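Residue numbering begins at 1 within each chain, and the chains themselves are lettered A, B and C in the order written.
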Amino acid sequence: MTAGASAAAPLELRGFSAGYSQSEIKVVDASFTLGRGTLTALVGPNGAGKSTLLKGILGLTPVHDAGAVRFFGQSLDAARERVAYLPQRSEIDWNFPASALDVVAMGLYRRLGLFRRVNRAARDEARAALALVGLEAQAAQPIGELSGGQRQRVLLARALVQRADLLLLDEPFANVDELTERTIARVLEDLRANGTTILAVHHDIGTVRANFASAILFNVRVLAHGPAESTLTDAAIVRAYTASNAANLSAGGAA
Amino acid sequence: MNAPSLAATGLGANTVLVLLGCGIFGALAGAVGTFVIARRRSLIADVAGHAALPGVCLAFLAGEALHIGGRTPWLLLIGAACTALLAAWFVPWLSRRFAIGADGATAVSLALFFGLGAVLLSLVQSHESGSQGGLRRLLFGSAAATSSADVKTLAALALVTLVALALLFKELSLLAFDEQHARTLGFPVRSLDLLLTLLLVATVVAGMQLAGIVLVVSMVITPAATARFFHGSIARVTAIAAGFGAASAVCGVLVSLEFEHLPTGPAMTLCAAGLFLLALLATTRGRAEAVQS
Amino acid sequence: MNGFLQEFVAIDLPALAAALLALIACGTLGNWLVLRKESMTGDAIAHAVLPGLVAGFLVTGTRSVAAMFAGASIAGVAAIMLAGWVRKRMRLEPGASLGVVFTAFFALGVALLESQGARQIDLDPECVLFGSLETLFLVSVRDKPWYTTLPHELWTLFAAAVLAIGFSVLFMKELALLAFDRNHARQTGAAPRMLESLLLAVTSACVVASFEAVGTILVVALLACPALIASPHARSVRGQIAISLVAGSALTVAGYALAAFAPTMFGAPSALNAAGMIAVLLAIAVPASHMLRAMLRGA
């Protein structure tokens, strides 16, 4: 890797758009840059397209402008190893026959490669990640028997074992118990301190300032980006949440 | 085939009658299919069609046991209707009661009812050694082996069902295209759902002798899917579906009479699929031209 | 007693072996379909492979296993892709697009079978539906080793069973991830589309190998029921596959016995359709297994 690439921003968007079809574009002309070792909240009302933005960045939406995204100065394919994603809990089939450990080990599949079984070293690594989120004792438990907060922490542990430098998290704090919220906040802060870059969708405006240093206010478009204190002013929030903004509505995403 | 081929007798009065009966059945299937697709019941319709087989076999065995003859037409129709109705109720019940996905519940129901049909058919065949091929013809349908009396019965059943559909068209449209709205207006959604199921079962039963148990579902789904290429009011799309259904059925009978070995069911299905393919290609080309211009 | 044994080895053993091999082939793959909530895809494939099979025969003019396999796999994959395209293109419900395509393929297959050219293929539409377990005999010929006289269906089925198990074991990790969280598979750079196509092709091949012996109805049952019987009790994918194969084998043997031996005990003139009976038992076992799970939880 060249010195230039390693110095490049972990995530850089230049006029990025994404959606589910050409007539259903949910993200319009988004531009922002995340620096190394930053913890940023992606804030906006329901239906603002926050999840679509995350999915689009990772190329998971049918329509996405891949050329407008750079990861560490590279394309997604070149930087895949360094990026991890935490989906919304509701997108997962929790009746799937798997234990907590099985799910965390899935984060290691890419490194293991084809035809290789999940070996002892991989299991130990997965178990260590579970310990980080306080679920060591639940390793063998079927995921269907875990509580909502525990499921969230299992997914976080799966993202952790990927040892990524950039984490994209979709609603990590949604509907979780207090222990889970504290655990996740602590883990994210530790990661950030060690140089990981984190972008997390967050819809509860009241708790952003407690958990995130910086924030992006988003509703179809990026409305503001900066330190959480100064970005999330009452006026800016009202503007984003009332969505009477003609530019937002014309793009068809605001609820 | 034991019955004399109708092709040999030319376009006699019987053939005209059979064609007329097929046309009415096809129109009914197309019209009902519009609502079945809108209610996302296509694969339940598949199960209901296959589920007619155990009913027919049970009716045959009952007829033999009661000494009124195994192949009493009305008894076979009632038997088929009972098990088809049971299957249409069973699929959603299985899915709800045991939290099995809709696809799994459909496959399990198909295995249960058609498997039972296979077992009972082998039992019937050991009974009806003298009259080989009686019930077997119902699998793939046979217009040539349908008597004019049978056609009259089937056509009457199809006509009554078609009239019921026309009378309740407004309510069924509301149910199929906007259930939420139907609820807020205070319509009895569950009763309407049951009614649609009854119409579907009547269609399947009316068609099984002509289109066959295995492929009768294609006459419900395919013409209605073809009608989706056309836009307009619900009434217009339903009428177009009925037209495609009637055309496919009549065309299928003519083709199967022409080729002696071809059963009626596959012939009808292929005609319906041909119309679908034509519509698909026509609109795809239209689209390409629209993009270019 | 000795006569019964000889009859059993000659008539019942080959049929039972065929049914069990079909169970291993289709039952194993059925787990992936059930985990992906695609059981009806299995049903569609079971119908759609028919024209490919007959076309393979018509083109080569021989009952070459390779040609029929190739034709059938192509037809199966083509039907599912066509259904997907129709669904997107017309915004139809998935069931309707699947229904339009697989009934058309199946009708084409039946029409081809009934056409003059395919008369020698020796496969009538009723066998396609209900199988021909009853016609698999072990012909014992003097001076020839036993394995040369086995019905050819058994060899095909054996190959299919090996293929299904081998594929599932080799790609266990990737298939599980694909079924559990497709987005994660895509995001980490796995090639979900390629694996999905491969799964489709392998499923088509196993369906073809099975359905000549056991028929469409039992193939549909084998693709859905064993996995659904196992799912309420399984704690891992591996466990689900194991339970599905054990429970499926037991029910297959029971179903065959019920069809072959029970009727004569009750004085019926002949045996019943074995494929249908096995399908019925497998289907009944699905709700029964879920009830058992609920009872165990309650106790």
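Keep this in mind: contacts are C-beta pairs under 8 Å (C-beta built on N, C-alpha and C of every residue); 3 or more make two chains touch, one makes a residue touch a chain.
This is a predicted model, so every value here is computed, not measured.
K.L.:
Please list the single chain whose C-alpha centre lies closest to the global protein C-alpha centre.
P.N.:
C
K.L.:
Looking only at C-beta pair counts, which chain-chain interface has the most contacts?
P.N.:
So the pair of chains linked by the most contacts is B-C.
K.L.:
From chain C, which chain is the farthest off, judged by mean CA positions?
P.N.:
It is A whose centre lies farthest from that of chain C.
K.L.:
Could you please state the distance in Å, as a whole number, between where the Cα atoms of chain A are centred and where those of chain C are centred?
P.N.:
Measuring from centre to centre gives 41 Å for this pair.
K.L.:
Measuring from the mean C-alpha position of chain A to the mean C-alpha position of chain B, what distance in angstrom results?
P.N.:
The separation of the two C-alpha centroids amounts to 50 Å.
K.L.:
Quick check: how many Å separate the C-alpha centres of chain B and chain C?
P.N.:
Roughly 26 Å, centre to centre.
K.L.:
Residues of chain B that touch two or more other chains: which are they?
P.N.:
Each of 99 in chain B touches at least two other chains.
K.L.:
Which parts of chain C, given as residue numbers and ranges, touch two or more other chains?
P.N.:
Not one residue of chain C touches more than one other chain, so the list is empty.
K.L.:
Taking each residue of chain A in turn, which ones touch at least two of the other chains?
P.N.:
As it turns out, chain A has residues touching two or more other chains at 95.
K.L.:
Quick check: in the complex, which residue numbers of chain C touch chain A?
P.N.:
Those in contact with chain A are residues 35, 170-174, 176-177, 179-181, 183-184, 186-190, 231, 234-237, 239-240.
K.L.:
Report the residues of chain A in contact with chain C in the complex, numbered from low to high.
P.N.:
These residues of chain A touch chain C: 55, 58-60, 77, 80, 83, 85, 87, 91-93, 95-99, 102-103, 106-107, 109-110, 112, 114-118, 142, 158, 162.
K.L.:
Provide the residue numbers of chain B that touch chain C in the complex, in ascending order.
P.N.:
37, 40-43, 45-46, 94, 97-101, 103-104, 106-112, 114-119, 121-123, 126, 136, 139-140, 214-215, 217-218, 221-222, 224-225, 228-229, 259, 261-263, 265-267, 269-270, 272-273, 276, 280, 284
K.L.:
If you look only at chain C, which of its residues touch chain B in the complex?
P.N.:
For chain C paired with chain B, touching residues are 34, 37-43, 86, 89-90, 92-93, 95-100, 103-104, 106-108, 110-111, 114-116, 125-126, 129-130, 215, 217-218, 220-221, 223-225, 228, 259, 263, 268-273, 275-280, 282-284, 286-287, 290-291.
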